[in-house]
Each structure stands twice: as structure tokens, then as C-alpha cells.
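Each chain gets a letter, A, B, C, D, E and F, in the order it is written, and its residues are counted from 1.
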Amino acid sequence: MAEQSPLLVVTAHPGDFVWRAGGALAQAACRGQRAVIACLSFGERGESAAAWRAGKTLEEIKDVRRAEAETAAEILGGEVHFFDAGDYPLRETPELLTSLVELYREVQPGVVLTHAPEDPYNMDHPEAGRIARHARVLAQAPGVVGTGDVIGAPPVFCFEPHQPEVSGFVPDVLLDITEVWERKVAAMQAMGAQGHLVEYYTDLGKRRGVQAKRNSGPNLGLPVNTFAEAYHRVYPQVTSELS
Amino acid sequence: MAEQSPLLVVTAHPGDFVWRAGGALAQAACRGQRAVIACLSFGERGESAAAWRAGKTLEEIKDVRRAEAETAAEILGGEVHFFDAGDYPLRETPELLTSLVELYREVQPGVVLTHAPEDPYNMDHPEAGRIARHARVLAQAPGVVGTGDVIGAPPVFCFEPHQPEVSGFVPDVLLDITEVWERKVAAMQAMGAQGHLVEYYTDLGKRRGVQAKRNSGPNLGLPVNTFAEAYHRVYPQVTSELS
Amino acid sequence: MAEQSPLLVVTAHPGDFVWRAGGALAQAACRGQRAVIACLSFGERGESAAAWRAGKTLEEIKDVRRAEAETAAEILGGEVHFFDAGDYPLRETPELLTSLVELYREVQPGVVLTHAPEDPYNMDHPEAGRIARHARVLAQAPGVVGTGDVIGAPPVFCFEPHQPEVSGFVPDVLLDITEVWERKVAAMQAMGAQGHLVEYYTDLGKRRGVQAKRNSGPNLGLPVNTFAEAYHRVYPQVTSELS
Amino acid sequence: MAEQSPLLVVTAHPGDFVWRAGGALAQAACRGQRAVIACLSFGERGESAAAWRAGKTLEEIKDVRRAEAETAAEILGGEVHFFDAGDYPLRETPELLTSLVELYREVQPGVVLTHAPEDPYNMDHPEAGRIARHARVLAQAPGVVGTGDVIGAPPVFCFEPHQPEVSGFVPDVLLDITEVWERKVAAMQAMGAQGHLVEYYTDLGKRRGVQAKRNSGPNLGLPVNTFAEAYHRVYPQVTSELS
Amino acid sequence: MAEQSPLLVVTAHPGDFVWRAGGALAQAACRGQRAVIACLSFGERGESAAAWRAGKTLEEIKDVRRAEAETAAEILGGEVHFFDAGDYPLRETPELLTSLVELYREVQPGVVLTHAPEDPYNMDHPEAGRIARHARVLAQAPGVVGTGDVIGAPPVFCFEPHQPEVSGFVPDVLLDITEVWERKVAAMQAMGAQGHLVEYYTDLGKRRGVQAKRNSGPNLGLPVNTFAEAYHRVYPQVTSELS
Amino acid sequence: MAEQSPLLVVTAHPGDFVWRAGGALAQAACRGQRAVIACLSFGERGESAAAWRAGKTLEEIKDVRRAEAETAAEILGGEVHFFDAGDYPLRETPELLTSLVELYREVQPGVVLTHAPEDPYNMDHPEAGRIARHARVLAQAPGVVGTGDVIGAPPVFCFEPHQPEVSGFVPDVLLDITEVWERKVAAMQAMGAQGHLVEYYTDLGKRRGVQAKRNSGPNLGLPVNTFAEAYHRVYPQVTSELS
């Protein structure tokens, strides 16, 4: 079954895997799947404004963000891999692609989550998503050199950007994360550098939950207080049952 | 579970439920679900060219199409309801809407399949889809008078038009229908008035099957000769598992 | 100046002018503009589920919705015109178009607000928006018979549907309604039949306010607790200053 | 007020700020705003065909284009900064991004104008627009090293490409530039290397003016001979008044 | 060859066939093709403002518009059929559809020209285009009753709306009409009720001509002063040569 | 006439010119045009899975792919130029752009065929298309240094990706290749490394042929067994005849 294969989440910055995919990560971990996070940068320049204003050095800031990310990952039950590829701007390099291909092959993911193609507020996000989708295709080819076996064709889902309506993001999957909601909240609270976002993403989880209830058929039996995360599917869903 | 609730397929003409949703119908029936077909017209004017050229009368043609549709529905395991609302053009009337609302309430569908919003080759198709989606919303409201209990919010899928690439149709769900493929072929062969389409839709089933294999993750285990039908989802998928 | 000319809001149901445009209405009224609401139906069938379940008659329900709408309009400072054209489904008739053309000509609006072109959850909404935009064009033509002078070309804004991300709604105008926020809240609280929506639209007002702050240039000086409503502009903005 | 903050125009080549944004520049300058032009290249390869055919050297051509641009900028009342980053192709480099970030921070713009995302006839244009939007986001982050204070979130407008209808350009802002039209004409006439375009852009200014009149509400009072420039807004407009 | 079969132009109002398709009509006629115009209304309410202001009656206005249209059609070499279906609003009726189907079958067109699907300034235009495309499909079916033989599948082109950039119109065909340009100018001058548009459409013909030159390959040999009309193709082009 | 000027096909990998444009190439050659293929890589990593699995070296694989491509090109009547720029990933370099500009100038193509802008299954394809379109624009500018005369503005067509419906590919040109179909089949059979695709592309040629018949007007006279290739036009078609 699909839940046996690992979940792989590829993000530009540490916060992204918490705010946008923390529920999916916690749920995978709770169900016994391996939950792997590829964090391409520490968000050291673009998402650490307070630390810079407080006069921290680049290395200090990276250390803080790394520690926060590790704590959050631990709460969610995921293992986090840092690529330290730099942010603002994050740019593809041959080395980054190669490392990511190797991670894909080592993890052999059953599902991949990453950034959507547009975010006019943060150009690292679409770039990270592009790199993640590209590395997935490269990892399928025996001719692309690197350790590990080639991978299959795991489905890819884009998680929700911060301002979805003006980023061309259409949520076509609402993931019920009610069973792990408390865990996601705890992980969000560990993100000290971006603490102001906890309330925002708590409201979002509730709102997507309401929409999940409103859009679900008669048989799902979602609870009154459903919490959800929104995703956009990149490749067609393959299923043996319409629901 | 979702498969306990009935499947409802709303089509403009008799052929549509066979070519475009025959696999989904047969699969539902095989799994013990009620499979209901709402056929808004007999396709008597727009899809019966040979009969008109052969000098048949309107009533004769309707009788032939009705008989074909009943045979095909029986093969698929579905029950077919005829609305005889006329075709070429099919037009919404208050009576048609009301009858369809009553069918929704009687059937209480868990899933609805109908036409996609565009088809530049056949204007009855988008009109039938629009009516089907509209009646579904009306059937949810206690204030809309009619027998039967209001319905919930069953997911809606648009099936594939005849020339998808120039009808703005993007398949985002590939339904594996391998287990009922022979049944779909038998139903297609019962459509005497449109027999030239059997080969076309056999090839399509094979091609969508190849794509299902190519787009499926490592865990689905699809067989070598997979057959599939393509759909487009109207409302967001609600799920407790990404796959 | 533009704020001298009246504001005209055309909605399918009573609630729509409160949830979606209540801030714009209150703001216009506070600034001394005439604020006119054209309410095409009472939402008697589609938005009064509880009343139907409680066994009320059609006329009783209309009376309740009318009373609520009048109270809300009074709080907002607007005058409401009821067209009683029926809902679920709302349909264009020659009489409805003619009445609306006459209202346009009597009001001579400087700005028009109405529904956006898509809402897969409520087909009355796009229909009302289509009728509103159509009547505006008809009201410009001397050849279209009716009392009153022809109108100019007032800008049209679509207000936000209930589930914007899956209704193709892209907010391109964020209207700061902070100064009248309390008034909008009071009007929302007067909508007894749909009281469960007050919290939802309070959160939305706050969220759009945060986005307004995040998207505003350095000179607007928005307060910390900004509240906003989102709109989509139908015709190009004409301005003598980029900002 | 918004007009106190400077206007910043980022273009790929010298001609672009004249043909596409000359009115906005002249208007800002006339109203006492600082009007700054960041010209990423001299258009020395892609927009100087006649000079190459006449056997000029690369340096001679740059000198001519620089001189033309300086003259045009002076007429418009703007100050022009040359980045000499090369054209045909123009490519992002870390140095170019850094220099542009520094200019943003020095200028502290209230409004930014640049190229739209598509132009199938000139690939430097979308690249320059992408770089300009990217640098604006980088300039907001304290963690991105460089002199000067971080900037806020100035609105961004894309100006009109040469063949808008086949470049996916939808004008959603029409800027009335009637009061500075003569100045724009004078600046256009200073562009010797592309003199054949003066008539084209004179007609365009007139046509956009007619559309501005046709799309303006009853209160703007535009003159009979209105001239306008078309823009597309990148982020939602934030306003305290719908008009 | 394609030019032997007649050209059929279906328009909402008399002016449309002159401004938008006059070149195609004149060219067909000059080459010996039959050029037929189906004019669904006289534009008596929506495009005759001056006459209404001058106090003319409905019948007088229709007579004037009919006379203008006949003169223009004669200049262009076309035969015009009036359907007198009313305008502002133009609405589909069973009778109008039937009459149009009969015209299609009588004319047996090789090419069809009509309105594009969007025009936010004039709702009769998209309605006429929709009716024209619908009638073409009905005319292909032997089961749709009416005199004349069924037609084949003539290609359909949408001509250019008045404000293309804000009507979603993407010109993908530029028709060189240089050889009949003088004839189009003469026909435009015969449209007394809308004389203010002659200059506008003269400029447009010139501008589209410039674009035709700029987009044509090396072998077409277009003259310096090329005039063109823009179209959008509805169905895929079928050709035995790419050019 | 257009068919005198050469045809230039720019592809990422050897197979692409056979599967996607083999008919156009053979047709050009049969009609006496020069048919040139620019093959940017050997597909050595991304499209040679079997060879890698069989333990071949990189150079061996390149040799095999080169030989296959040369054989296929010879069958089609085309001359193939290899750029050996590497695949998986294929990346733009200044050298690659320069070489391609020189080829454009040497060939002076009348028509250009290349990849479409999207292919979520193979990122080399959109990259190759982007490079091809970019080099075409650079080759038009006298200021871009390199041997040969500048080129005009040859029309560009994108050929069909492997999964068109999920790659945003809308076929708007169907090229009748019936007369050279056998030659295309022979060329496909020469592609040993990808032999499993012969059946797929044979079916596609048949299906596009059926659609060509269905979409062609009454005068083209296509044979019963028409074969076709689908294309998407990048720039507007310029023509002196609508058909």
C-alpha cells in the first residue's frame, strides 16, 4: 500500500515544511512511514529578519534555524536533511541537483511534496519546487550517474503558498490532518524565528478543514472540528475508485 | 465507505455513458453499488445520422436508441432513466431540472459523473453537464420543493469528451478499469448506431491505461495491460491519505 | 469626484450584500454617497435551510429574509430594492432586465459591485453577476426603452465568493474598510438565518486586512488592525496616478 | 501621499523607458517626485540594427545609445542609471542582482515599473522584468547584504510590450498622461536609433486614451483628446476607495 | 479548392461585418466566391444612439440601418440576409436557430466568420457568435429537420472585437487584405450611423498589416503598406504544408 | 513560395525529430526543400535506459544514438547536426546559443519546428524549445556577432509532447502527412533504443489523421486513411486566404 513507501518533502526554507506540510509529515510518521525532509537552505537571509536586525552573524542565524528545524522535525516525526544551498536567491547548481537525486534514490519515496510553481512574494519557493520536480525526473533515469537505484514515478503534490489566491494556487486536494493536528501545532510553536505565523496557520488549518467537510461526499464522516492542509496535484491521480 | 453509495451518471445521449463512463459503471455494479444512469435525450437527432439517412421516423429512431441503451446498461449492470428532453439542441427547462432533482434525491449518489464544460463539436454535451451540476446543487437545498430527502455533497467528475485536446479537457484522474474491461467492450459493441466508435474507444482505453501505469507511484501494482478511463474532478478531493 | 456618485450593489440574495460588500456599502454611506442595493431574490429557497426545516411557508420565509435584509441595510446606511425574481434557480427574464435597467438609470451609479463569473457551489451567484453586468450595458443605450437618462460607464467590481480559491476568483483590489468595520460586524449579526457565517467573515475581513498591509506601498499608512474586503475589477482601471 | 516617494523604472534597453513608460516618468517628475530609470543594457546588440549595418563598433553604438537615453531621460525629468549588463541575451548575474538591490535601497521607490512576463519577440524583456521583480523582493530582506535600508512593498506595474495581444498582456490600468503628452513626444523624438517607432507609439498613446475615456466612470472628466499608457498590475491594489 | 466554396459571415449587427470582416468579404467576392452575410439584428437599439437621440422611431432606425448595410454589402460584393431577431439583448430562439440552420444548408459555406466568445462591452456579440457556432453544428446533422442538405465541417474564425486586449481575444491569423483595402474603406464610409469608427478601423487595418509583415516568413513577400484583419481560429487548422 | 526555404527542426534528443516531426521532415525533403535537424544532445542519459542497464559506456551510448539518428535522418531525407550539449539536464550555455545562431544563419529556414513550452515528464524538452526560440530571435539581429546573414522571421511550430493532455499542449495545426507516412514508419523503426514507441506513434498518426478529416472543410478532399502530425503555432499565421 502507498503508505508503506516514504514521504519526501522538499522545501526552500525550514519553516515551509512546518507551515505547509507539517500535517502530512506527522500523519505519515504516525502511520509508520518514513518521513524525510530535504531543506535546501536555512532561510538564513530571507526568513530571518529579526535575527539580522538583532545583529546576529550569518553562522549564528543558520545555527538557530537549523536547531528550530530539527526540533520541529522531531516533533513531527520526520528526519531532516540540510543542503545549505543558500537562499535569497536560491539557485540551481549541478551539485545541488546531484545531491538531491541521490536523496531521491536513497529514500525511494512513494509521495513527494514541494512548492508550487508561482509565488510573487518569494522567488526561492518556485525555484525550490522546480528543482525538486526536476531532480525527481533525473532520479528515474539509469543514465544519470549517482549511487542508489533509480526511482519509479511517485506522485507529486504542491503545498499551499502563503497568499494562495494571488499565487495562482488552486487547491485540488484537501488532506484531513485532524488526527495529528496537535502535533502540527506543537511543531509550529517551535519555529521561534517566525512565531507570528502560528495564529495565521492555525486559522488556515481550521478553514481548510471546514472546506474539507463542505466538499466531502456523504461517506467520509469527517468530525465537526476537522483540520486540513491544501495541496495541488502535479500529475494525474491514478486510482481504482472514484471518491 | 464511499463505494456503498450509488453512482449516478448524467449524460446528454445514450452513447455517452457507454464510451465515456462504461468502465466506472461496470466497476460500481461489480462492487455491489447501485449504478444509475440519467440519459437526458435519446440522441435522436444528433447521434443517429445513419438512421435518418435510412428514412426512419423520429419515433422509430428513439425506440432503437432506447433499446440499445437498455442493452448496454444491462451489460454494465446499471439502471437507465430516460428523460426524453430532446437533443440538438438539448435545452434546460424547469421540468427537466425538477425531474433531475428528484432523481438525485431518490438515488442519494455518493459520486456523480457527467460531461465537461466544453465541447466545440457538440453543444448538447456541455449543456447536459451544466444541468447535471446545477441540479445537484438544487437537490441539496430543503427549500427546493420535491419528493425525497436533500442530498449531501457528492464529488463530481467530468468524463472525457471525444476530442479532449481541443475541448480544454485536462485529465486529472485516471480510473483503472482493467477488471471490468471486457464488460465495457461488450457494452460498446451493443451500440449499433455508433459502431464505428468501438475501435476508437478501445484504443483510448488502452492509451489511458498506459498513462495510468506511467503516472502511478511504486505501490499501485497495475498490471501490464491496464485499461483506464480519464476524468476531471470538479471539486477538491478530500482524503486522509496522499497517493 | 468619484465618491459623489452613488454606489450600486447587485446581489442574488440578501446575505451577499452583507458578507461580501458590507464594508464598501457602509463606507460609501459614511462618506455621504447614496448606497443602493438591488437584491434580486430573497434567497428564500437556497439560503434558508433552517427555516424550511422548521416548517415555515414560502411567504413566511420571504418575510423573514426581507426583514433581516432591511435591518442590515439600515445599519450599513444603504437602501435596499427587492426584485423578488426567485432563487434556486435565479433566471434572467425580460422583466427582470428591464427593472434593473430602470434602477441603473434612476441611480446613475458611479461604481457597481456584483457577483463574480464563477461559483461552483451556487449557480445563482454567477447568474446574478451576469444579469447585473448585462443590465449596465443596456442602460447605456438610448435605444433601450425605459424611464430615466442613460448612464455612463461606471467601473464594475466583483466581490468575493465564499470559496474563492476554487471559484477562479483572483482578488486584485483590497479595500481598506477599517473605519467602518464595526458597522459591518453589526450588519452581519443581523443576518439571523445565516448566523453561523459571522465568524467566518470576521476572520476573512482580518485576513484580507493583513494582506492589504502586506501589499501596500510605503505611503498608505494602514493601521495595525486593518480590515479589508477583496474585489476583482472587470474593466481596466483609469487613473491619473499609479499607486 | 504616494506621489512623494520616487518612481523607479527598470528596463532592458534604453528605448523601453521612453516608449512604454515615458508618460509615467514625465508625470512623476512634473509632480515633484524623483523619477529614476535603471537601464540594464544599452540595447547595443538587439536594438541597434541600423548602427551595426553602418559598420559602427560596439563601443560607438553604446555611446550613441547612452547619449540618446540621457537626452530622453532629461526631457522626461528622470535620472538614468546604466548597468551595462549586456543584451541579446541579457542574463541575470549575482553582480547585476546586487547592484539593483542597492539601487532599490538607495531610491526607496513608492512605485516600480518594469517589463511584463512574456514577449515572444524579445527575450530580454521578460528577463529584465523577472530580474526587477526579484531584486525588489531581495531588497526587502535585512539578511541580503548591501548598503542602504531595506525597502517596503512598493506596488509593481508591467508596462506594455510591443505586440500586446500576442504577448499575453492584459492592460488593467490605463494611466492618463495627457498633461505630459508633449513631453513624451519630445522624448520619443530623441530616440534616433529607433525613430520609426515614434508614429507607432503616438497612435498607441491616442488609442489607449480613447479606451481610458471609454472605461472611465462618470466622474473623471477626461478631456476629449486624452492620451494614456497601459499597465498591468502585479500585486493587488490596496485602496480606501473603489473607483 | 477552398476558395470555390462560399464565405459565410454571421454578425449581431450591420456594422460588424464591415469593420471586422469587410476585407475577408471583399477578397472572397473579388476571387469569385459567393460571400454571404447573416445579420441577426439591425443594431437598432444598441448601435444607433444618434438616431434615438434625434427622435427617430424604431422602424425608421431599422430602415436606415438596413439601407446602410445593403450599401456596404454591395460595395464589398456580398449578399446580406437580415434575421431581424432584435438586439440589446439579442437572444437565441428556436426560430432563429432554425432559420440560420437553413441558411447554412443553402449556402454550404467553405469558411465561417463570426464573433468571438467574449466582449464585456457588448453582450450581443458573444451571443451571436455562440448562436452561429451552434447552428453550424446543428446544420451538420441529418436528424435536425429543415430544407437543404447537411453541411460538412467548414473552419470557423472569430473576427476581432472592438477592444481586443480586454476581451480575451488572441489574434492567431492575420489576413492580408491589401488587394481589397480600398473597397473596405469605401464600405466603412457607407456606415453613416457609426462614421466615427472609420478612422479607428483604418488605423487598425494598418496596424494589423504591420504585424502581418513582422510575423511573416521570408517567402510571403508582403508589400510595404500591407493591410490586414485579425482572426482567431476555433478549430485546428488542417493543412498539407506548414507556413 | 514558402516550400522553397529550408525546414529547420530543433530537438533535445534524437528520437524527438522522428516521433514528433518525422512527417514534416520527410514531406519537406520529398518536395525538394532542404530539411535540417539540430539535435542538441544524444539523449545519452535520459533516453537510453536499456543501454545503461546493459552496461554500455557513455561514449558507446552516444555512438549508438548518433548512428540511429543518422539512419533515421537519411530515411527522412534530412541532414542532422549534432551539438552534443549534454542531456538530463540539458542547459543553455553561451556556446550552445552561439552555435545555434550560426546554424540558423547558415540554413536561413522558412519554417522552424521545436519543442513546446511544457512537459512535466522531461525537462530537457521545454529547455530545448526555449533555446531554439531564443536563438531564432538572436539570429535576426545584426548586432549579435557570428558568421552568416541575419535571418527573417520564420514561423515557429511546436510539435506534440508525449502526453499532450497533461502538458498543456493544444494542437491547432494538423499536418496531413499521408503521402510520406511509410517513410515516417521506416524512420521510426530505425530507432532501436526506443522501439517500444513505434506502435504508440503509429496509433497517434492515425488518430491525428482522423481528427484532420473531422476538422477539415469540404474542399480539402483528404483520403480515408489520412495520417497527420499535430503542431501548435507560436506566432500568428499570416495568410492571404482563410481556410
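The rule we apply is simple: a contact is a pair of C-beta atoms (placed from the backbone, for glycine too) under 8 Å apart; a residue touches a chain by one contact, two chains touch by 3 or more.
Predicted model only: the values in this text are computed from it and were never measured.
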Those chains which touch chain F and also touch chain B: A, E
Interface with more contacting C-beta pairs, comparing C-D to B-C: C-D
Taking each chain's C-alpha mean as its centre, the one farthest from chain B: D
Furthest chain, CA centroid comparison against chain F: C
Copies chain E and chain B - interface residue numbers shared by over half, same or different: different
Length of the line joining the C-alpha centres of chain D and chain E, rounded to whole Å: 38
Averaged-CA centre spacing for the pair chain F and chain C, given as whole angstrom: 53
Numbers and ranges of chain A residues touching at least 2 other chains: 121, 166, 171, 211, 214, 230, 235-236
Pairs of chains found to touch, sorted by chain label: A-B, A-C, A-D, A-F, B-C, B-E, B-F, C-D, C-E, D-E, D-F, E-F
Chain A contact footprint on chain B (complex, rising order): 1-5, 7, 24, 27, 108, 110-111, 113, 151-155, 157, 171-176, 211-212, 214-220, 222, 228, 230-231, 233, 235-243
Residue ranges of chain C in contact with chain E within the complex: 97, 133-134, 137-138, 141-144, 234-236
Contacting residues of chain C [partner chain A, same complex]: 121, 163-166, 169-171, 200, 203, 207, 210-211, 214, 230
Footprint of chain D on chain A - complex, ascending: 44-46, 48-49, 51-53, 61, 88-89, 120-123, 166
